[in-house]
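Report on the following structure.
Order of writing sets the chain letters: A, B, C and D. Residues in each chain are counted from 1.
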C-alpha cells in the first residue's frame, strides 16, 4: 500500500522510457506500452481509494526509507491524503482517456514516439505533483510539467502559430515556475524544511514578512499554472494550436495542478484561508477570471480558443468556491474541478474530432455538422449542457453548490462581497450558455458549409473515450449526494483539517492547526425530479411520436440541393420568404449583435489588452506579481 | 407616463364598450353612400349600344350574341356577363351608359367558391328591323324606268318645239 | 398515504392538471384583456386551447435541412421542463415537489426551456431561426441578471440567518409576516420582477425572438403541427409559471383555509398576468434587440439592485 | 379505445380547427390596397380575432393563406414555393380581383395569373379592394371548408 503512490508515478515515467526505446517498432507496440502504463497507474490510484477515501487513511512513503528523525523530515516524502488522491483520480482518469483518444487522433502524425514519451512524462509529472509531500519536489514536477506541455503544444509545429503559442507559454510559464521556486527558497530559508507537513506545522507560528512574501510568490506561481486572470492569453494561444488530446490535458489536468497547489497553499501550508483578506484575494481572483474569460470567449470564432477561455472561466469558478473558506465552498470547488475536467475534456475532444474530420476549427467556416456527425453532435450537446449548468448534468449540480456556498457565506458573514460573487457566478453561467449556443448554431446546426459536406462521424477509437466522458458527465450529475459522501466529503475534510495530515506524516508530532470549521451541508437531490422529468418526457414523446410526421422526401429528378429546387417540390426546403433556398448560415462571430453592441467599449478594451505580444503578457505577469506581493504585505 | 402615452387610454378602455361591429354574427353594416359595389344590370333598359364594353379597362364584361329561338329570322339574344372578380369598380360603364341600364350597387359582400358566384348577367333581345318592300335591284330598275320615261318625255318635248 | 398524496399532488392539484388549466386560463384572459384594452371584443377565453389543439391536428413538416431528432425532441423537453418547473410552485402552501433550493432549480429549468427553444430553432436550419435564436439568447442574458438579483433580495429577506433559495421558506415567511409586497423596500424588486416576466415568457413588447413581422416567427419559423403545439403550450405554461413565481415570492396571502388560499392564488396570478403582460402588450410596440438588453441591464437591474442594497443595509 | 377517447379527441381537434385560423398573407404583386384591407380586418372595428384569426409570419403555421395581387412574373415562383410549404390541411383564399382574374393587368407580358392556374383556390373574395367585412366573410367561409377538408382527411 505504501508503495502505490511512487509506483503509480514511476510507472508513467518508466513507460515514457520504454516507449522511446521500443515504441519505434510499430503502432501497435506503442499503443500497448502506453495503454499498459496508463492502466497500471490508474489501477494503482484506484486501489488506494477504498482505504484513503473510505477509511480516512493517509498513505505515506519516504523515498529511500529516509523517514523523519527526531521529528525532522530530511527525506523526500510522498503523502497521499484524500485531497491528493482526489486530484490523483482526476489526473489518471483524464490521462487514460486522453491517451486512448490519441491512439486514433494522432495516427496520421509523424514522430509519434516522441509524442507519447512526452505525454507520459507530462502525466507522470502531474501525478507526481499532486501525490508529493515535498515542496521542492512539487517545483521539480511543475518544471517537468511545463516543459513537456510546451513541447507538446508545439508538437504540430507545421501549423500556424504553434511555435508562437508554445514560446509564449514557455516564457510566461517560467515566470510562474520562478515564483514557485522563490517561494520555496524563502520558506526553506525561514523554516529549514521542505516537507509539506512540517511546513504546515511550523508556518502557523512563523508569521513574519518573509513568510508572507513567500506566500505571495507561491500564490502567483500556482495562479500562473492555473492560468488565472492576467495569464489567460497563454492558455488561449496554446490551446488553439495544441493537439486536442493535449488541450484536454492542459485544461483538465494542468490547470487542476494550479488549483491543487492553491488548495494546499491556503488550506494546509499557511492555513490562512480563515483570514478575510485571503478569502478576498482568492475569491476575487476567481471572480475576475471567470467573468473576463467568459466575455473573452464570447468574441472568439476559433472553436478551441473559445473553449480555452471557457476552461479558464470554469477554473475561476473552482477558485472562487475554494476561496470561500467553508466546507461547502471547498466541496463545491472540488466537485466543479472534477466536473470541469470531464466536460471540458469532452468538449476539447469533440473539437478535435471536428478538426480531424473537417480540417478547420473556424466557426465562421463550419456549419451543419449535426447531419454529418450525429454522434459527435450528441456528445457536444451533453458537454455544452454540462458546462452551461443545464440540469440534470453535472455542471448544474456543482454550480448549484457554488451558489449555495457563496450565498450562505454572504448571509452568515453579512458581507455584500459574497453576494456579488454569487451574482457574478450566475451571470457567468448565462454567458457561458450563450457562447455554447453560438458554437452549436455555428458548427453543428444550421446549413451545411462547403468544408463540412464530406465530413462523417469519427472512428470508434475517438468516439469511445468521448462517450465515456459523456457518461461520466451524466452520472456525476445524477448522483451528487452519493458522490459528495464518497469523495468530496473526505477530500474537503482532509483539506479542512490539516492536523491529520501533519500527524500522519510526522508520527507523534503535536499539530497545532486552525480550528476546523467543518460542516457539510449536502448536495441537492435530483433523483425525484429526474424521475418526474423522465415520466413527463416519455408521456409527451409517446403522443408526439404517434403523430403523422412528414419526413423529407428525396429530391426530385433534376433538383439539386442548395442550388436549384423546382418551386413545386419546395415543400421540405427551408422557408426563405418564398425565395429559392441558398446557402445562408447564420452563425459565427456576429451571432449576438444585440449584446455586443451595448458592450462595444468593454470588448474593444479587452481586445486591445490581448495584444498577442509576449512582452506585454510578461509585463502583465510581473505587474500582477507585484500587486499580489503588495496586497499580501498590506493585508495578509 | 410620457413614454407610455396610451396607458391611460388602455386602462379606461377596459371599462368602455368595444367598438367592434357585430358583423359575422349579426347583420353586415351598410356601405357608405355612393359606394361602388356589385354591378346591377337592368336588361330592359339596355339598348345594346356597346359603350360599356368599350370603356371597361379590365374588360370585365362579355357580350355573347346568339340567334333568338322562336323569333323572326335575324332576331338575336345578347347576353351581357359582368365578371365581378375582374371588375375594378371604376364606374365608367355606369357613367357612359346612355340609358342608365348599368348601376353600381352598395352590395360589397362578394365572396364565392366558384366563378359562377361572381357573375352578373343580363339578356337583351335584339329584334331584326322590318323588311323593306323592294329589293335594291327592283328599285334600280324602277329608277331606270322612270329615268327612261323622263328622257322619252323630254325628247318628245324637244321634237315638238323644233317642229 | 403520503405516497398517494404526493402522486395526487403531482397529477392534480399543484401539479399537471392545475397547471394546464391555469395556463390556458391565464393565456386566454391575457388575450381577452388585451383585446378589451384596445376596445375589441377579442377571442374566446379558450382560444389558446383551440390554437394548441388545432396545431396538434396539422401536418408536421420536417424540413430537409433540419436535424430531425433534435428538431422533434427539443419541444418535448421544453414542455416537460416548464411542467416540472410548475411543480415547484406552492399553491395554497402545497407544492408538488420540494428541494432545498428550489429557486435556483426554477431559474435553471426556465433557462432549460429557453434553451430548448434555441436548440430546436438551431436544429431547424432556417436562417430566420438563426436570427431568432440569437435574439432569444440576448433576451435571456438581459432578464437573467435582474431575476437573479430579485431572487437574492427575496432570499435575503426571508432567510434571516439561513441560506435560503427555498420557495417554501419564502412562503412560510409570508404566511407569518404578511405578503412581501407590503414591504416598501421590496417595491423596486417587485417592479423589476414584473418587467422580467414578459421577457421571460416572450410576450409582446419583448417577443423579439419570434417577431412575426420582421423575421417570420424567428425561432419557430420552421415549426408546424405537433412540435409547434408543444412550443405554444410551453409558452402558455411559462406564463403561468412566471405569474405563479411572482405570487409565491411577493404575494403569498395565507388565510388558513386551503381552498380560499388556492382561490386567492388564482386571482393573484390573473392580476399579475394583467399587470405585467397584458398592459405592456396593449400599449407598447415591439422593442429592438439592443434596446431590450439596454433596458434590462439599466432600468430593471437598477430597480432590483436598489432593493437588494436597501435590504442588505438592513432597512 | 377507452370511452371512444380517440374519437372525442379527433372531434375536439376538428372543432378547434375551425375556431383557430392563422392567416398567412402572400403579396403576389399587389398594389397594397388589399393588403391594407387585410390588416384593417384585424383592427378593433372589425376584429377578426373573434374568429380566432392571427397573422403569422411563416407559412409553416398557416391555416388560411391569403393571396393578393395578380401573380406577376417575379412573384410566380415565390408564390408556388410558399404554397408548397404550407402544411395540410389549409385553405387558399384570394383577396381582391387581381388574383382571380388579373384585373386591369390582364394580358400583360408580366402577369402569370390567375392563381387557380397553379393551385386550387378555395374561396375568392372579389372587390377592388374588398371591404374588411367581405374578407371576414371569406375567412368564415374558408373555416367551413377547412372543417370539411379535415373530415375528408379522416375518411
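Going forward, a contact is a pair of C-beta atoms (placed from the backbone, for glycine too) under 8 Å apart; a residue touches a chain by one contact, two chains touch by 3 or more.
Just so you know, these numbers come straight off a predicted model, no measurement behind them.
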Set of chains whose contacts include both subunit D and subunit B: C
Chain-chain pair with the highest tally of contacting C-beta pairs: A-C
Innermost chain by mean C-alpha position: C
CA centroid of subunit A to CA centroid of subunit B, Å: 88
Whole-Å gap between the CA centroids of subunit A and subunit C: 34
Distance from the mean Cα position of subunit C to that of subunit B, given in whole angstrom: 64
Distance between the centres, which are taken as Cα means, of subunit D and subunit A, whole angstrom: 57
Of all residues in subunit A, the ones touching two or more other chains: 550, 571, 573, 575, 577
Touching two or more other chains - residues of subunit B: 18-20
Residue numbers of subunit D (touch at least two other chains): 44, 47, 50, 58, 60, 85, 87
Graph class of chain-chain contacts, one of line, ring, star, complete, other: other
Contact pairs between chains, per stated definition: A-C, A-D, B-C, B-D, C-D
Subunit B-touching residues of subunit C, taken from the complex the two chains share: 33, 35-41, 279, 282-284
For the subunit C and subunit D complex, residues of the former touching the latter: 31, 35, 38-44, 47, 49-61, 128, 210-218, 220-225, 228
Of all residues in subunit D, those that touch subunit C in their complex: 10, 12-17, 19-20, 22, 44, 47, 49-50, 52, 54-58, 60-61, 63, 85, 87-89, 150
Touching residues on subunit C, where the partner in the complex is subunit A: 10, 56, 59-65, 67-70, 72-73, 75-77, 79-81, 83-84, 87, 97, 99-101, 104-105, 107-109, 111-112, 115, 118-119, 122-128, 130-131, 133-135, 137-138, 140-141, 144-145, 148-149, 152, 155-156, 159, 161-163, 165, 216, 221-222, 225-227, 230, 288-290, 292-294, 297, 308, 312
Touching residues (chain side subunit A, partner subunit D) in the complex: 550, 567-571, 573, 575, 577-580
